[in-house]
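What follows is chain A paired twice: with chain B in the first complex and chain C in the second.
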Partner chain A sequence: MTITSKPLVERNMCGANFKFSKPEIKAIVTTVGRRAISFMESAESMGLSEKEALRLAKTLSLNTRHVVSGNQTTTDLCFESAMNILATLNLDAKSVDALIMVTQSPDYASPSSANNLQHRLGLSERCMAFDMRLGCSGFVYGLSVAYSLVESGLERVLLCVGDVASRLVKADDHSIAPIMGDAGSAILIDSGKKDSFFQLYSDGSGERALYIPNSGVRYNEFDKDLPCYIKMDGAQVFNFTLQRVPSMLSEVLTFSNFTKDDIDYFILHQPNKYILNSIQKICEIPDIKFPKDTQSIYGNQNSASIPGTISGFLSHVFERRQIRSIFAGFGIGLSWGACMIQTDKIYCPPTVLQKE
Partner chain B sequence: MSEIEQYLKEAFLAATSDQYPDLHMKMDMHPIINLFDLLDSLSIVAVLIETENLLQIKLGGHISLADETIFDASKSPFLTWSAWVSYVNEKYDHH
Partner chain C sequence: MKREIFLEKIAEVLDHDGTLLFSQDLDTIKEWDSLGILSVMGFLHELKLPIDTDKMLKLKKISELVSLASKILDE
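Presenting the complex of A and B:
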């Protein structure tokens, strides 16, 4: 495996930096929950008055979100996305050397959901399969591991990312439920010849800025009686984002030796429109290069939000020409990462609604 | 009161009057009132959005007012009204 690190002297400032020369993204498919919920229509069921609902809708640009029904899980959404790629590109499932699943909403705490998908997709027993437990930074982290595997010799890796976050929040909790959407993306990575650059970061001191109490085997007194749902300190996450993300975007450009003008799209995790607007203005990136409507239409898709944005708003561009992109994910952990990726024309249909 | 401060007051009232109908009276009586403690986080974001929009209409050009100090309990510009006015003036000067 070829991993090139920057000099140690800059390590504290720049985090884990590495670059690759072989892996290429060949396909991206995103499947979202079939059920579209209008925020204004659901506001009353969350105990919001019309005035409060309008205030939330205006401030956070809430419109609709797509969620699963019943017992549907992340692996169901990712299965549909992965099958779409295999079937449409007429690929032999046995040609996949590795399957990585990034999710915070696995089918079980153990075993890995990747094992379930390996079997359902008909992948070979010689295919390695494992989960990565990450949220909003998960796509960039997962992509870095997939790229590492291809760089070190594998020919084909399938990366599945996503969450059914609607099942990780209390349905009537109006502080967080209206934000969350369900999505599962599959990304096909093959060996080829493309340079890419990654920077990954983490800060566990912010562990409880965004977490699910009583969801593992640790029991804390301060978590006593708290329900097992996502708990967010919005203020801390807001500060973290504005402190870390603009500088990360600047650093990944420097590391990859490109300027803003060289980049076609800056595709960031999509928590809400206001925070994205703020990052965009701080970094002085033109509107056309900075999509930010995903959360308003589909909800916060967590680790699927970057491929979800490509599928939702840029599929026609990624299908037609060569693109140079910066991807940046940030959130729960606290964890954040960015990469500079170049793609040729790829298979990238518009967002797919989950089958009935 | 400066032109910018008038706009700030207008935007502040527009963003908070539904949720906090008596706040402007409290601010007049207690000018050093801690707005950071009084407002919920959604209201603070609403003030930022309303202010950015109004300044863009009145003065032209977009000034981004959000930064990592906004929700910092010891550094937030919302600790007092005068701190908020100074903060926005500084952002405007560097715009």
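Presenting the complex of A and C:
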């Protein structure tokens, strides 16, 4: 398939649609917090009775989650992932033309954490570096920008995604703390010859379905006295997900001119197994093509959950053969996006535990 | 779908032991909490029924829940 002479970006009722013909993912590495926390062992400290904890564990498939220790941040996790790629593939750090960091937990509100990583990784001063402030849709959004840069002429882009989400929730808030994990992925994108298709969406009317009160410069009376931690309206987010994600998967298939049978894996953001089961039932996708165990083992990795799922459960497949995937991210914003991409024997080791 | 079958399915997704009655108040069902409501919403999505989250959260009786599914229930 070759790129047409149509404009690169089409705007219609289906959202912002992008097609690319050059960018290729060459490597994915995910580093997670070393500390594994068992849900059942921590339930009491969150004020849950054993019965309540068992019901939550059964319904949402909560098992463990991996979080950082001490003062580790997202840039530390992403640094380890990126260094792994540069060192293992023996790449010249100066060959990276752009570094994009997608996170909601930057080292500072300003400057961008990408600048910190550019310096620590030894990238050139001629390397452009910037942050994108997105959560669970962030990997697909970040990948679309990385692909745009490569399509426009850059040779090599490093995309870093992730969060130390355990720091964004109140430790004893049993409505959200038990699901969050810490992870940082690095994804290397080079110029090559692969077709890909993206669709991105946004609906700011759901801004407060999932947000962090008092975390910016906006003051709202209704946020008065609320702690600066993630606040979630679970019912709204769940309803949004089931309304938007199945139709988006169907639309990105149509846009890329493939059918469900043509796709090897549907790799979605991993909020919890219950939501993923619900999407899978509506979309009628077989188990073997629909990984959904990431949150149960590592926790919700936010923008790192899609690369985190590849690293955690599919590294052997992505390293060995050509794969056609649909990726889909959705959540805080509200923001959602999907893409169809192809990879061919990429460097993709199993999930790495953060160094001590 | 028959109303009785619908109520059996609701009991199943709520993980509720026992029969649900049309006239029953939802607050008498101990599993009707935030997790239970999410489970029922997931089931209604599977049936391709439109869901108004605010309405769901304000339901008081099983009969009101049944009326949300009236489109797919036998007369």
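Rule of thumb we're sticking to: the second predicted complex is superposed on the first by the 344 of 356 C-alpha atoms of A that agree within 3 Å, B and C clash if a C-alpha of one lies under 4 Å from a C-alpha of the other, contacts with A are read in each partner's own complex, and residues count from 1 in each chain.
Everything that follows uses one rule, which is that a contact is a pair of C-beta atoms (placed from the backbone, for glycine too) under 8 Å apart; a residue touches a chain by one contact, two chains touch by 3 or more.
None of the values given here were measured: they were computed from a predicted structure.
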Superposition on chain A - do chain B and chain C clash or fit: clash
Partner chain(s) touched by A:238 [first = chain B, second = chain C, both, neither]: both
First (chain B), second (chain C), both or neither touched by A:51: first
Contacts of A:278 with chain B and chain C, given as first, second, both or neither: both
Chain A residues touched - chain C or chain B, whichever exceeds: B
Shared chain A contacts, counted only where both chain B and chain C touch the same residue: 55-56, 59-60, 234-236, 238-239, 242-243, 274, 278, 281-282
Chain C residues touching chain A - in the complex, by the definition given at the top: 15, 34-35, 37-39, 41-42, 45-46, 51, 53, 56-57
Residues of chain B touching chain A in the complex: 18-19, 41-42, 45-46, 48-49, 62, 64, 66-72
For the chain A and chain C complex, residues of the former touching the latter: 55-56, 59-60, 175, 234-236, 238-239, 242-243, 274, 278, 281-282
Footprint of chain B on chain A - complex, ascending: 51, 55-56, 58-60, 234-236, 238-240, 242-243, 274-275, 277-278, 281-282
